[in-house]
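The same subunit A turns up in both complexes below, where it pairs with subunit B and then with subunit C.
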Partner chain A sequence: MLLVWIVHFVSTSLGLGEVLKTFALALLTLLRVSLLLVVASLIWTPIGVAIGFQPRLARALQPIVQFLASFPANFVFPFATLLFIRSHISLDWGSILLMALGSQWYILFNSIAGAQRIPTDLREMAAAMGLHGWQRWRQLIIPGIFSAWVTGAITASGGAWNASIVSEIVSWGSTTLQATGLGSYIAEATTQGDWPRITLGIAMMSLFVVGLNRLLWQRLYQLAETRYHL
Partner chain B sequence: MSDLIRVQHLFKRFPRPDGKSEFTVLKDVNLSIHAGEVVALLGRSGSGKSTLLRIMAGLIPPSEGQVLSQGQPLRGVNQNVAMVFQSFALLPWLTVQENVELGLEARGIPKTERQQRSLKAIDMVGLDGFESAYPKEISGGMKQRVGFARALVLEPQVLLMDEPFSALDVLTAENLRGEIDDLWNAKAFPAQSILIVTHNIEEAVFLADRVVILGSNPGRIRGEVAIDLPRPHDRQHPRFAALVDYIYTVMTNPDIEVTGTVAEKTLPPSPYAQALPHARVGGISGLLELLAERSGGSEDLPRLAERLSLSVDDLLPFLEATVLLGFADVAGGDIRLTDIGRDFATTTILRSKDIFRQQALSRVPVFHSILQTLQEKQNRSMRSEFFLDLWDEHFPHAEAARQFATAVDWGRYAELFEYDADEDRLYLPEPIPIS
Partner chain C sequence: MQTFPTPETLRRLPAGIPDIALILGSLVILGFIARVGEGALVAFRPPEIIPQVVLDPWQLPYYAGRSTLRMFVALFFSTVFTLIYGWVAAHSRWAEKILIPLLDILQSVPVLGFLSITVTGFIALFPGSLLGLEAASIFAIFTSQVWNMTFSFYHSLRTLPQELQEAVTLYRLSGWQRFTHLELPAAMIGLIWNAMMSFGGGWFFVAASEAISVLNQEYSLPGLGSYVTVAIAQEDLGALGWALLTMAIVIVLVDQLFWRPLVAWSDKFRLEQSAAASTMESWVYELLQTARIPRLLAQALRPLQDSLDQFLSRLTAPRPHPPSGSLV
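Right, the complex of A and B next:
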């Protein structure tokens, strides 16, 4: 019902061209979200694993990481915006950093938890067998933290899509920076009170998030549950 | 003999949870593992035996003292050993073969050689055909076989085993333990020595040439016992029992000095070890009555068999029974009634029961033992299974059941005890027979 109404509402007031435009914008934002996940994983997974493998460090750092994860990232946005203006960084790239400010912690958080969940005897065995470097990551750590990482990545991805609305358009004083993407599209439509565009933008974002869940995350979950189950 | 691993004045202390003080897990441990021997580290929980094993494997550093591997001070993981874990420690996302190849890959062995060696090791532990199975698809016993293959494929100098059989059910453990022992005894073992950590005394005596006994709180070496038995160690050997007894005594008395000199103990043979001939009482008395009719109470054995239209083999249990009960003697191919036998064969049924009872109690120890067990019980009865278990220790199960059936037949006739087949129990009749 809702879907029929949305399609009807959007097509009568905006037309197919606008739909294709938002689709392209969504692809751009998807690209940002993906890049964010990859970079955040590359940075925070090794750090999370290092923390998780040391029980005392993990105990000490866990509350800090939890605090960072729950800290409202948009408090930092004005300072980041100022930095982007000063150093002439395009928000097309800078928005990725802004989106990451709130969502990257889920990757770290879950990497720590995942590393802690790898049984001691498996780690001991890996050490005794002389596993080191990439082999250790490939055969012990990555499969071991995989299901935790999937959980973290899903949360981070959801957070990043949400954050795109406030990250792809930011202001400092009278200067406004804008990135091309679905987030800024929605933000702009909202400022203008343009109901058809708000509806289209949010519908497109929902479509992408749900579609990604179906196509990617659920499959990864299944893989985690069957193949990489500890 | 060269030392493959030598532990010198080793101490291990761990910080207490409060972070201020430490507790000592291992205190001044000195130990050498020589080539060609199986050593068992035997200790109760808290003796630090697993910690000692891990220090020798280079997985955790000692607090004081040192470990020499091939004469060189150990730094980091010991490359000359391989370890078998109590929990198997298989990576669930790798196949059997991939798990076995882990250590080879870490040592940079090329793929083709890796495959060759891992398949050979998998074959050796009897997992042929399971190369591509995942750990969750195979049983606990098979998982530990993978654990063994993964360690043995490295051809380590010393195979370290941390309670390798204790996570398995009794039968599976027994089976795998036997196979590892067979591999070792066949001189085809891919390691020069074995060091096994265990809390199971029998396991230690069965597998090891030398049992090192650890004391608890703090963990320290109390002494060692040489297992001076030919390999494979025969559990039925009286010396085996004496060694187990000695170690058991030492383990339950933390203050006894472990001298390792185990006195030869002559255990009285179990009454259940003596086989009863499978002859029913009716057959025994029939035979005796037949003999009593002969002049002099004696008969040539083949002739006797012919008269009874039995083969000598079939006659044999009856002969054995009459001899066992002291009713007859067999000599020079003849069987001859004894005085008691003649009495038994010719008197009234009531008196013959008395005679049979007397003979059974005085000449067949198992009846005395059963009677004693029943008399010690408040309800004067006992489950058959209890006795069957005792026979099971000395006979295959089917034979144990036959032994039980024969004992019941004799015991019922002698009115020593009754057997209730419905409840499967033996019980004493009223009044108590006078023995």
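Right, the complex of A and C next:
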């Protein structure tokens, strides 16, 4: 019903060309989100597991991690913007960093929570069996934190899509940097009060996120429930 | 010769240093909330009466208070929504088929994208009052916090340990007892972690939603976010620095006074036999534990709580013949 209305509203006021254009823009933003997820997972999952496993390290680092996770990324945006302006970094790449500033913590937090949720008994058994290195990751850690990681990655990807609206267009005083992507498209339409474009942009973004959920995250979730259930 | 009053009498007085600290602390927080909350009820009639944000650093504590209050109001609504939505989704196969895909779609709609729509709507809902903008901002924070919490709660309910579920069925606990004795405790650690996380994420949206431009009109709500927006527009690095510092202090305060005690408390819900490897320490939690007032209050409220428990248990009595196998 709503979908029909959206399609009707958009097609009568904007045309198919605009839809294809936003689709291409969404692909660009998707590329940014995927790159962010891969890099953030490679960096933060091992760190999160290390923190979750070692009580002393966890106690020392937890306040810092919590602080970093709570700090609103958009308070740091102006400084990053200044940096981009000074060093002539294109926001097409810079926006990935801006999006990551807010969303990477979901992966770190959930890795810590997942690692802490692995029963101490299991960890002691793994140690007694002499598991270490990659074996320990494959047999104990990845199965143990998998469902937590999926939850984290879903939310991080959702957060990154959301953040793209404020990350792909940033300003400092009268200087405005803009990246090509769906986020800046929506931000521009909002400022202008262009309802058909706002609707199209939001619908396209929702479509991408829902599509990803169906094609990727849902399957991983099922895997977590059936195979890696602790 | 005995002293008067006797030492035992003194010791039995329900107030010690922890209690005095607790009372003073509560009074300070209540006073601050009252002072800050007033500001949300002022008139708002664009374009003549619009709240102004000034870059005076001394105003920052007030702005921080406004933003923080918004965060907590949103957290309250998020928690209520999470418990209801997550529980219903996990308990009804039929509802799950609708609620979870709906949750997927809802959480995938970019909050910041439809701010323009919600702002217009909420202003129309509270004409002539700043509450409209306030509600739009709180709604934005709510939508940013709630999905993550709901997913976490739902997932915890779906992955409850089988043997505990069987025990609950065996003891014929009522639906309410099942909720308070198994489901909520089992989900507690994940829920609090996700709430803390979402709360952290919420700062991002409070900052983004306090100052927005819709239809080429600038709306700004007094708060840390709008302060930063003004500082960016005026290229004022000094003011930005002050805002960063204030934000840092607020986060540390909220962490020390709210999240840390909660996490320390939730450690008792760990589902494992061996002793917990690490526990969070919190001076506020210890203060609450040592102080007598909370315990006295709990004792005084116990009959009320018990009768509420019984009432809700009777409402949700277990079915006479639990269908086998459908509880998973």
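The working rule: the second predicted complex is superposed on the first by the 218 of 230 C-alpha atoms of A that agree within 3 Å, B and C clash if a C-alpha of one lies under 4 Å from a C-alpha of the other, contacts with A are read in each partner's own complex, and residues count from 1 in each chain.
Quick note on the criterion: a contact is a pair of C-beta atoms (placed from the backbone, for glycine too) under 8 Å apart; a residue touches a chain by one contact, two chains touch by 3 or more.
Being a predicted model, the structure only gives us computed values, none of them experimental.
Superposition of the two structures on subunit A shows subunit C fitting alongside subunit B with no clash. By the touch criterion stated above, A:121 is placed in contact with subunit B and with subunit C alike. Of the two partner chains placed by the overlay, only subunit B lies in contact with A:227; subunit C stays clear of it. Of the two partner chains, subunit B is the only one that A:131 touches; subunit C does not reach it.
By the touch criterion defined above, A:78 lies against subunit C but remains apart from subunit B after alignment on the C-alpha atoms of chain A. Vertex at the C-alpha centre of subunit A, arms toward the centres of subunit B and subunit C: the angle is 70 degrees, rounded to a multiple of 10. Contacts of A:106 after superposition on the shared chain: subunit C is touched, whereas subunit B is not. Counting residues of subunit A touched by each partner, subunit B versus subunit C, the larger count belongs to C. By the touch criterion defined above, A:143 reaches subunit B but does not reach subunit C.
Once both complexes are placed on a shared chain A, the shortest Cα to Cα gap between subunit B and subunit C comes to 9 Å. In the superposition on chain A, subunit A positions 119, 121, 124, 229 are in contact with subunit B in one complex as well as with subunit C in the other. Those residues of subunit C whose C-beta lies close enough to touch subunit A in the complex are 104-105, 107-117, 144, 147-148, 151-152, 155, 158-159, 189-190, 193, 196-197, 199-201, 203-204, 206-208, 212-216, 224-225, 228, 231-235, 240, 243-244, 247-248, 251-252, 254-255, 259, 272-278, 280-281.
Residues of subunit A touching subunit B in their complex: 119, 121-122, 124-132, 135, 139-140, 143, 227-230. Subunit A meets subunit C in the complex at residues 55-56, 58-59, 62-63, 66-67, 69-76, 78-79, 102, 105-106, 109, 113, 116-117, 119-121, 124, 147, 151, 154-155, 158-159, 161-166, 171-173, 186-187, 190-193, 198, 201-202, 205-206, 208-210, 213-214, 225, 229. Looking at the complex, you find that subunit B touches subunit A at residues 54, 57, 59, 77, 79, 82-83, 85-87, 89, 91-94, 98, 102-103, 105-107, 150.
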